[in-house]
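Next up: the structures, one after another.
Paired with chain B in one complex and with chain C in the other, chain A is shared by the two complexes that follow.
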Partner chain A sequence: MKKLISTAFAAFSLFCLSTAALAAPPIKIGALFAVTGPASFLGEPERNTAQMVVDEINKAGGVKGRKLELIVYDTGGDATKAVQLANKLIKNDNVVAIIGPSTTGDTMAVAPVADKAGIPLVSCAAGSKITDPVRKNVFKTAQNDALAVARIYEQLKKEKKSKVAILSVSDGFGSSGREQLKAQAAAYGIQIVSDDTFGPKDTDMTAQLTKIRGSHAQAVICWGTNPGPAVVARNAKQLGLAIPLYMSHGVSSKKFIELAGDAAEGIRLPSGKVLVADLLPKNDKQKASLLAFIKDYQSHFKAEGDHFGGHAWDAVMLLKGAIEKGGDTPAGIRNALESTRNFAGIGGVFNYSAKDHAGLTKDAFTLVEIKKKDWVLVK
Partner chain B sequence: MKSDKLKFLAFCLVVLLAPLPLAGGYLTNVLIFVGINGVLALGLNLLLGYAGQISLGQAAFFGLGAYGSGVLTTTYAMNPWLAMAVVAVCVAAFAFALGFPVLRLKGHYLAMATLGVGVIANIAFNETVDLTGGPSGLSGIPNLSIGGLIFDTDLKNYYLVWSFALVMIFLSLNLVNSRFGRGLRAIHDSEVAARVMGVNARLMKVQVFTLSAFISAIAGSLYCHVMTFISPTSFSFHVSVELLTMIVIGGLGSVYGSILGALLLTLLPEMLRTFHDYDIVVYGMLLISMTIYMPGGLVAGIPALFRRLLPARGSNA
Partner chain C sequence: MELFQQITQFVISGLATGAIYALIGLSFAIIFNSTGIINFAQGEFVMLGGVMTIFSLNVLHLPLIAAIAVAVAATTVVGVVFERLAIRPLKNATPLALIIITIGASILIRGVVMLVWGKDTQALPAFSGNDPISVVGATLLPQHLWIFGVTVLVIVGCRLFFHHTISGKAMRACSFNRRAANLVGISVGRMVLFSFVISAAVGSLAGVIIAPLTMTAYDVGVMLGLKGFCAAIMGGMGSGLGTVLGGLILGTLESLGAGLISSGYKDAIAFFILLLILFIRPQGLFKKGETERV
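Up next is the complex of A and B:
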């Protein structure tokens, strides 16, 4: 019996040795997404996309002959949990880089942990606080709110509209947008005549909209994520609000058109180019990436790829590029990330630098209008 | 009495040695939050387990402590230790003032009133953007330090948080065995009878409510310095409910039960991650079976389980 066991043991260890010698160990990448909880509309497509892209990279032979291993944890949108899981990824799983978290709050909580450990973090959240001031190891792929605001204000200026009413949701996304709307108004000669907020779970915004109707606003800008803005759209239609309604990129998915129904007609919003990929001119740098992503997502999940999934796509591809260039050490990846130039992804064309870890310009956004339950480009 | 002291010393020893086998892994980090949750659960257990007064608003005091310390040390650059003391006293004073009207209520009405306090506080954290940073949170909070020793690693923070926890546990053990503690239990059993026996029920209820808020505020201050970032989601109604679950699972009216409940509810979700998407289902089923089969909580349930599993040894002893 003893002999049998020792033979088996020897055979087993030989087996282990041989497989280890054959294939180099995979490069471990961690991911923190809010797959459950209130931010699951971000986390779910992000996780799906990240896993899909990593599988595809591996199928194509990996990065420099080594496979990628993606370790995903669900933060549930809870900052405390995000910090614990970031520690787990860094200390127990020994990852070389982390993708996510999905929300600005989670990212702000995790950022000091990643920075202290010297592990590059590529966040999928939008808040401009994440990369301003720049942290050595923290990057992000989601477009800054500031850029979306600039796109709307630019259009308003072109149409010579100077009085706007803003209506924002009282969560991280809304308050960050509101801050930017107020900060940039003067630069575009715009005056904010009414500034209201609504709760993320409110089901009636008639009061706020009635107030706006009584003001001299020439346009309403609503900043929020589903379902609030859909309620705003419906209420605005019921009240017969005649001035144009602008939304944020927070609702740039078909889901919004579904929720708002007929009331969505004529609403304008800045959006990542993923919504209108097939309408883009042929010379658009992002077109190839966008069409590839949309086709891929459709074939895997039988659903339309949105720009949330796009943030994860960008994060994985940026890391892939950085590993090819800078090797598999966290410091090497960080330096290679920072020197990324002209990477045409889903969110835009990324140009990171020592001073800019967000990497996008306002060209990342395009202004779209909803017509006949579909998107058209605003000229 | 002597066995109580031994029990406490043994517990101290466990706390002291616990991080050693973990070798700085991420579980050390989780144990920090077990300590913070333990302190919070202890605060609630004094109120609910001993005095029988429910509070669904503990997250408010926890959040006030965290935001108080956070704002004072970042915006006003106050010394963190001083800030912690100032904030704890202010929150206690607030709870004292609040306690008089609120604790006149009983049962469901008390639950509703404290729930209201919790919800209002959370709205305040969200809406006072200029002060608290609003929903996107407050960052750049410094770590605590003594002299040259900065509490910036998991291990250091573990010992920091647990020294606070041990002091609170020690004081609570003494408190519940004092005249005050017996008074609280008398109120729990029958407020009318307690009054007849000469217990100043009304004042004592407010006092224990204040104490519970004071403890929660200190936990909040510790939390903000450990995390160095806070946002309103960490102080939502959900947290108050989770604390309630901790003490019900751990054992109502037991100091160690609070810690045990905090340990279980903080650690269990981490252990269940191996079940991937089904972890929430397993978690729920475990909680349900524990409440069914261990109605007195873990402190009463575990010894009972051992007695049932080892009947022979039980009869010999």
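Up next is the complex of A and C:
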């Protein structure tokens, strides 16, 4: 009897020990996405993707045998809320790193908080001022607007077009694009003959386009996110605008083609490679990552993965690599992130360094044209 | 010549946008005249019209005409429910409290639509094609003609209703003096309900006919509602020609301002006009001063 009890006790204590070993605390990663509000078209795919990737990493055994725990908060696209939630992640949840926020405005508000706390922040927003000047703990995965602008101007220069009209939306995305368009024009020998804006909720842009039609521009570059650019495309068709219309990467999803309808034909835009993954040559470094991401997203959400989700994919995978290399402390992760080289993700091939926390070159963008309601590569 | 052509385009685009503002402004005025409140959920009726038409077309697979009828009817039901549940039970509330209730209702409607139909912007196919029509050097779309046509019909309909039917006259009586109207046997409660019915129907109709041009989403109602409100203020909150002219002037000035001055100040121009009118002619552009409006 005594023997039975002692065996039972031994078995019990062994069981306790083993569960304790199994339950090594997960590594906590925070995430701030604008899941609701005006930037929800960014935040929603980002949240979906981040959760999907983390689940998959955990299914495959986690990072160095430890699970990842993703704590997601919704900023609603509100910078004040984003700062409060960042503080909550850092102080209450004790995360080792933060992914997001989704928008440049939110990121600029959160960046000093994360930087001061020494928690690495991998933003999914595009604004170039996020990493310029470089902050020690702030990285980003979304391609800079500057790279998209460079891609368009390169093409215009090739076609010997030097007079452009710009039409940008009057929000953070549009004004950042407008600044870049103006700043880089001279370097490509391009003259901006007309500079107009429209409101994010405007429903008619014929006035601006009529003005552009009278300005002898050789191309129009419209910088905005849906639905504005779709209205611009329809209005341009209504007015019979004969010059080529370029859009920004902000509308590089099938949704734009759906909204603009027939008016989308012939429109060109710089886009992340995710849109045209199957058209890419076999030797493209990103092709494997891209196809994996698209397949995964399709099977989880029955929707096409877009490059916004791709920013979150890149952020989680970059952090995973950094945790493998640098351990689970914020400082270790930061140092490992900074030494990331040749990481072929969704947004491009990342090469971070002490001077560059954006990590991409203009090869991250490819120029596509809309033909028969689908994308084709512009040669 | 080029400038002339530009200006005709600005004016024609402006008139088309203005007609939409006018329709929304009218539906503001109808409720204001029978209840004395400004229904800030008006923009949401406009949104519901567009969103429900798209829903009926794409999910229920109804033909376009039936889809429009369903959308207008459903929005009218929303208007009735809103009046029954949120406005009527508060018999002695001040107009300010009622206005705040309408703001709450607008947030609720927007939230429900967002949860049910999602956040994506959607487009409705144009009623009769997308081939531009040329008018004195400017171009407009067949859809613009639909907008002008429906606006004219609605104005004529309102005019006939308010001046030549018993119910319409009773509603006008309520707007002049509720108590007196009640004393001569008019059911004020029913007239208020009527005004919500008409206003929701007109608002949703506006939402339907603009959806092919401007596209629609759960949050389009806010800005359209505000612009419609401006139009109604310019017209002195009357349910007649004043509001229509207010809308057309607002649309044209916006378009001219965006084209000739600066597109950045387009909305500023609209709201500057609104403030100016509120300061200088609070009774509206086309109205003689009244000592008291009830």
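Just so we're on the same page, the second predicted complex is superposed on the first by the 361 of 379 C-alpha atoms of A that agree within 3 Å, B and C clash if a C-alpha of one lies under 4 Å from a C-alpha of the other, contacts with A are read in each partner's own complex, and residues count from 1 in each chain.
By definition in this document, contacts are C-beta pairs under 8 Å (C-beta built on N, C-alpha and C of every residue); 3 or more make two chains touch, one makes a residue touch a chain.
Everything numeric in this text was worked out from a predicted model, so none of it was measured.
J.: Based on the superposed arrangement around chain A, label chain B with chain C as either clash or fit.
T.: Chain B/chain C on chain A - fit side by side.
J.: Tell me which partner A:311 touches in the superposition: chain B (first), chain C (second), both or neither.
T.: A:311 sits against neither chain B nor chain C.
J.: Based on the superposed arrangement, let me know which partner A:151 touches: chain B (first), chain C (second), both, or neither?
T.: After superposition on chain A, A:151 lies in contact with neither partner.
J.: Return first, second, both or neither, reflecting whether A:88 touches chain B, chain C, both chains, or no partner chain.
T.: first
J.: Tell me which partner A:207 touches in the superposition: chain B (first), chain C (second), both or neither.
T.: Second partner only.
J.: Going by the contact rule set out at the top, does A:127 touch chain B (first), chain C (second), both, or neither?
T.: First partner only.
J.: Determine, under the contact definition given at the top, whether A:176 touches first (chain B), second (chain C), both, or neither.
T.: first
J.: Looking at the overlay, what does A:108 touch: chain B (first), chain C (second), both, or neither?
T.: First partner only, chain B.
J.: I'd like to know which partner A:320 touches here: chain B for first, chain C for second, both or neither.
T.: neither
J.: Quick one: is A:78 in contact with chain B, with chain C, with both, or with neither? Answer first, second, both or neither.
T.: first
J.: Least CA distance chain B-chain C after superposition, rounded to whole Å?
T.: 6
J.: Of all the chain A residues, which ones make contact with chain B and with chain C?
T.: 36, 170, 197
J.: Quick one: in the complex, what on chain A touches chain B?
T.: 36, 73, 77-80, 83-84, 87-88, 90-92, 104-105, 108-109, 111-112, 116, 127, 129, 170-176, 197
J.: Flag every residue of chain C that touches chain A in the complex, lowest number first.
T.: The contact residues of chain C facing chain A are 2-3, 6, 9-10, 13-14, 16-17, 20, 114, 119-123, 125, 130, 132, 139-141, 210, 213-215, 217, 219-220, 222-224, 254-256, 258-259, 263-264, 266-267.
J.: What residues on chain A touch chain C, complex-wise?
T.: Residues in contact with chain C: 36, 38, 40-41, 44, 170, 196-199, 201-204, 206-208, 210-211, 213-214, 226-227, 230-231, 234, 237-240, 255, 258-259, 261-263.
J.: Where on chain B is chain A touching in the complex?
T.: These residues of chain B touch chain A: 24-26, 29-30, 33, 126-127, 129, 134-137, 139, 152, 154, 227-231, 233-234, 270, 273, 280.
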